[in-house]
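Letters A, B, C, D and E mark the chains as written, and numbering starts fresh at 1 in each.
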């Protein structure tokens, strides 16, 4: 069987949350599946989706919600997710703990920072609706991802709509205690049922080389499993790749992500990589409403569980 | 209209600014002739040289050089369709203002024609450090610039630049030599030395020479014919044959006939200046017909 | 060493390239005098003018103009500490190569001194469209450039540019007039007209004039004294007083004494050229002592 | 049918422009290029026409910001360029600093501005200014340094002060250099503004493009790029006109050819 | 103790540079600027020293990429500049397209390159090239357009072909313009490379800065900026040396002053 080359794009620059890919590579899991995987850094979890759509990559680590949008706009060309990694979408609102904003209701008349066109602000009406807040009364300011916390700390905005996993570690790195100094509103706690990032592949790869897809998913899964078992080894693999990284910080990032968005009770129940059909169907509708999509795509257009290893292998204990 | 080697036929030249420098100007020069052009400042002498050199295009009329029409009136820039098939003349032009390329040494400036003009061009790569360099050094030495080949243009005095510019006009053995006050910035002695060099060169190789000068002695010393121009718009008022035997020497230039010729020319130009623009073309033609000859 | 109005005392000038243009050069000019400087091409005449104008700094020796040391030898650029407190002379300089600023019209070029030099400067804003413009137009008309004030420099012929450049040197009524072959590109008649204009101007206002020229008749016609220079490195070989009564006329220039003076000067320069660089400084000084006078 | 050379020239240029877009359109169709990567001009035109009323205020904002930054940048550039061009010390100290600073992508600097001045117009103007200074400095300094000393002598002999010479010779002589640098500075100004708008702003083409790219609306992103390009060309045309007025003396070639 | 003017000059310049950094350090300390916003030079120097062995390969990658892009860009710029400078049609068609294209932030273009050529060195070289073309084009075209016709006449009278004139008059006359544009192009080249590295690459200063900024390791980000600046200055110094060799004729002012 010939070796299949696969170009794989990450959602962001190298971070602790990418450790399992490098662990898989180091342990030869890709090679064992006769895959030659090249991992490139990326510049956004949505951008990863478009890069695969455009054909520049066969696979990537990206946002399922971006796949949903594209599945409607460009049926047939959008990639499919074959292994869900973030069981919860990491959207959250943050305000300073000294802020007068204590409930969602207090947000009316306030200005929030957001990444231009970012999912966190687009999903806001969903939590607003559930909390009885008039979403139209909230003003938004577009801010680059790495400035969201600082703009809030400097009071240029009253709060920010962020990726919790990114923002938490950003705050840590900036010498802020994210648990004490910051008040968090996690979308997941406020009725948003979206999933987050996972492994996505092009439909072409699924059609032409399903064994390769299965192999890729198996290898990544093993890498993730080993990472959960031994995070330090995973971080070591990552550090070998890029010695400039801050080891402790990346470890903490990895652990926080595992804890908050990956190893959820639902994941413990259905296993790593899978989705709950009922919740996934509801999330499709939430995305359709938030982004005003002309139709709700079918789950099959977006997620394909055929390549998942058996459930037994995917079972992990919630930490 | 004539059909000489160099022929300006009823030429009009209007510059961009609207100035009409030449109007109904007609002038013929035979192959191998040595013609001097004299006339008041601003009458269009340099303009005639540029027309013959093909640097300007007549607004009306025709300019022929070596059997080839130089930029017919009204043709578009670059539109060479009207140009006849005769091969281009090998021209040497010493500009009134000795424009040297400032990024080249004097030697390299003088060498430019050898780099551009056939048949020298094809051997340039091989010979630029050998034969050609020697040739240039010899020329520079002849005009008193020995050892200045490595200098830059701005390191030379006005007169030295003018001499270097003359070398550049001569270096490629031109068939047609156009000289615009080539000795104007030189002292009398350097000037007279160069007259002799010019005369020897002309007698040896017989290029066609058109010399613009303000020095009437110079024109009488060097030329076979002297054309006197009117004020702007410049027309040829009169053409004087100069019959003195060659080689002419400084002694011969103190002969009474010589002085008479110079004096007559002086008078003629004085008239020309006085008439100025007023002289109608018809009258000019009439005067031009009354040629006088001074026998040697 | 003398202490005249303009005084070069044992000046040496070495250019960047290493050329020594002047060496042990000494020259004094009294206030209100009219001195002509003649000598072979490249001997350092323009260099002397630039030294007096303060455009160059002597490598050794001193240059004094109007009681003020012009750039003492060896001082750093911009180091004005050595300069004496005498006010700067109002200088008019006609360069050998009539450098006009190409972005200005001829009128504006001629107006430059009025824009820069006190006391004209302070009224420039008010008068540039009135008095000053009239003054410039009058000057231009005097040299035969009426109507060319609006042209750009490249739209003028060589001789016309030279005349415009002369206007620029005169427009601000300078105390010291430095003229570098100002009539070289002009025909004899235009030239003689300008001689008369110059003479009248000098007799009216008595500026100090230093005129570089190759035309010995011109020097004899205009100057009170004529300094003959040696070949490079240029030294003053001889100074001739010119005693002809003023105003001199063209007729007077055909007088025998005039011709004799010109002939003597010619011989002197011929010598100078022959000796060239060989002449040791001591010998030069000796010759300079043997002054001859020609009475009017 | 005969056309004046001028009209023919114009038609030819217009034709070439149209040809360029046609080629683009056809290439996209022929190679089946996804509009996620490179939309066809016709798609972009569609967006531009449909959404013009929405895009317009953003375009105006960007144009205004860019213009302000450009003018400030050019002024600062001239001042620094004159300083560098006339003092050896300024040259030795400022040039390395400027080159170093200019080698830094401005994206790295914008956050500083944003954190100091908040999101909005101020950081955009600042970025636009900062990014457009360097080309002006370089060209002005080079122009001054290569001014022919003969031209300066015309004034020096009159006892002109340094400032007179600068004003009457140095700067006019440098105008062709300056105008060349303006063309470069204009385009950089736009880049700077959009950059800053991308980092933090609620208005402007940069914001539009960020939102559109978040929506995977690539034709809209390209519509933004188109507007930028069009505004760039417009500002360029203006400066080109001024240039022709002011530096005709340096380009008299055509004048000669007409003769 | 007397110093040669040259040495004094050098010392003064070095002193001014040191002063600049000292001022920065002190200002940061005085105003208590957080190192998250603007680290002090000493912190940056620390990072540079500690991590030099790790940073080095990235710097080499960026330098190599930039140099390749710069050379290609300059060559392309000269060719296009000559074309624009010598043909009216090329001028009318190409200039608006170029201005338009240059007004677009290159971030928008890099993804196209990445899709076509994959992540890595190729898009970085391309970006670096594309971004550095325009200044060269503008300056070369301006230089050619402002060449004195008198100088060209020297060759035209000899029946020289257009190419001869370009080669012997146009281009040498344009060298001061060209070298000015090189200074601009060098800095833009670096910006282009780093931009592309930020978007898609696994190596280079751009990547380092993105990784560091992801960790809010601001001193490290600034260490990257410092390296960029230093490399920019180094390349500038090289081109400056070449310039002095080749365009001394245009800057003979000092020559006169020495006399």
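We adopt the following convention: contacts are C-beta pairs under 8 Å (C-beta built on N, C-alpha and C of every residue); 3 or more make two chains touch, one makes a residue touch a chain.
Chain labels with UniProt names: B, C = ABC transporter ATP-binding protein; D, E = ABC transporter permease.
Computed from a predicted structure; not experimentally measured.
Novice: Where each step is a move between two chains that touch, what is the least number of such steps from chain A to chain D (ABC transporter permease)?
Specialist: Minimum step count, chain A to chain D (ABC transporter permease): 1.
Novice: Quick check: which two chains are joined by the most contacting C-beta pairs?
Specialist: Ranked by C-beta contact count, first place goes to D-E.
Novice: Averaged over CA atoms, how far is the centre of chain A from the centre of chain B? Could you give it in whole Å?
Specialist: 84
Novice: What is the distance, in whole Å, between the centres of chain B and chain E (ABC transporter permease), each centre taken as the mean of its C-alpha atoms?
Specialist: Centre-to-centre distance between chain B and chain E (ABC transporter permease): 49 Å.
Novice: Using mean CA coordinates as chain centres, what's the gap between chain B and chain C in Å?
Specialist: 30
Novice: Can you list the chain C residues in contact with two or more other chains?
Specialist: In chain C, the residues touching two or more other chains are 15-17, 97, 152.
Novice: Among the residues of chain D (ABC transporter permease), pick out those that touch two or more other chains and give their numbers.
Specialist: Residues 37, 115, 198, 247, 250, 252, 256.
Novice: By residue number and range, which residues of chain A touch two or more other chains?
Specialist: 54-55, 146, 150
Novice: Could you list, by residue number, the parts of chain A that touch chain D (ABC transporter permease) in their complex?
Specialist: Those in contact with chain D (ABC transporter permease) are residues 46, 50, 53-55, 66, 69-70, 73-74, 77, 115-119, 140-144, 146-147, 150-151, 154, 156-157, 291.
Novice: Given the complex with chain C, which residues does chain D (ABC transporter permease) contribute to the contact?
Specialist: 150-151, 153-160, 164, 168-169, 172-173, 175, 247, 249-250, 252
Novice: List the residues on chain A that touch chain E (ABC transporter permease) in their complex, please.
Specialist: 7, 9, 12-15, 40-43, 47, 51, 54-56, 146, 150, 169-170, 173-175, 242-246, 249-250
Novice: Hey, which residues of chain E (ABC transporter permease) end up touching chain D (ABC transporter permease) in the complex?
Specialist: 9-10, 12-13, 16-17, 20, 37-38, 88-89, 92-93, 95-97, 99-108, 111-112, 115, 134-135, 138-139, 141-142, 145-147, 149, 176-177, 179-181, 183-184, 186-188, 190-191, 194-195, 198, 206, 209, 221, 225, 228-233, 236, 247, 250-253, 256
Novice: Could you pull out which chain E (ABC transporter permease) residues touch chain A in their complex?
Specialist: Per the stated touch rule, the residues are 36-37, 51, 54-55, 111, 114-115, 118-120, 198-202, 207-208, 210-217, 220.
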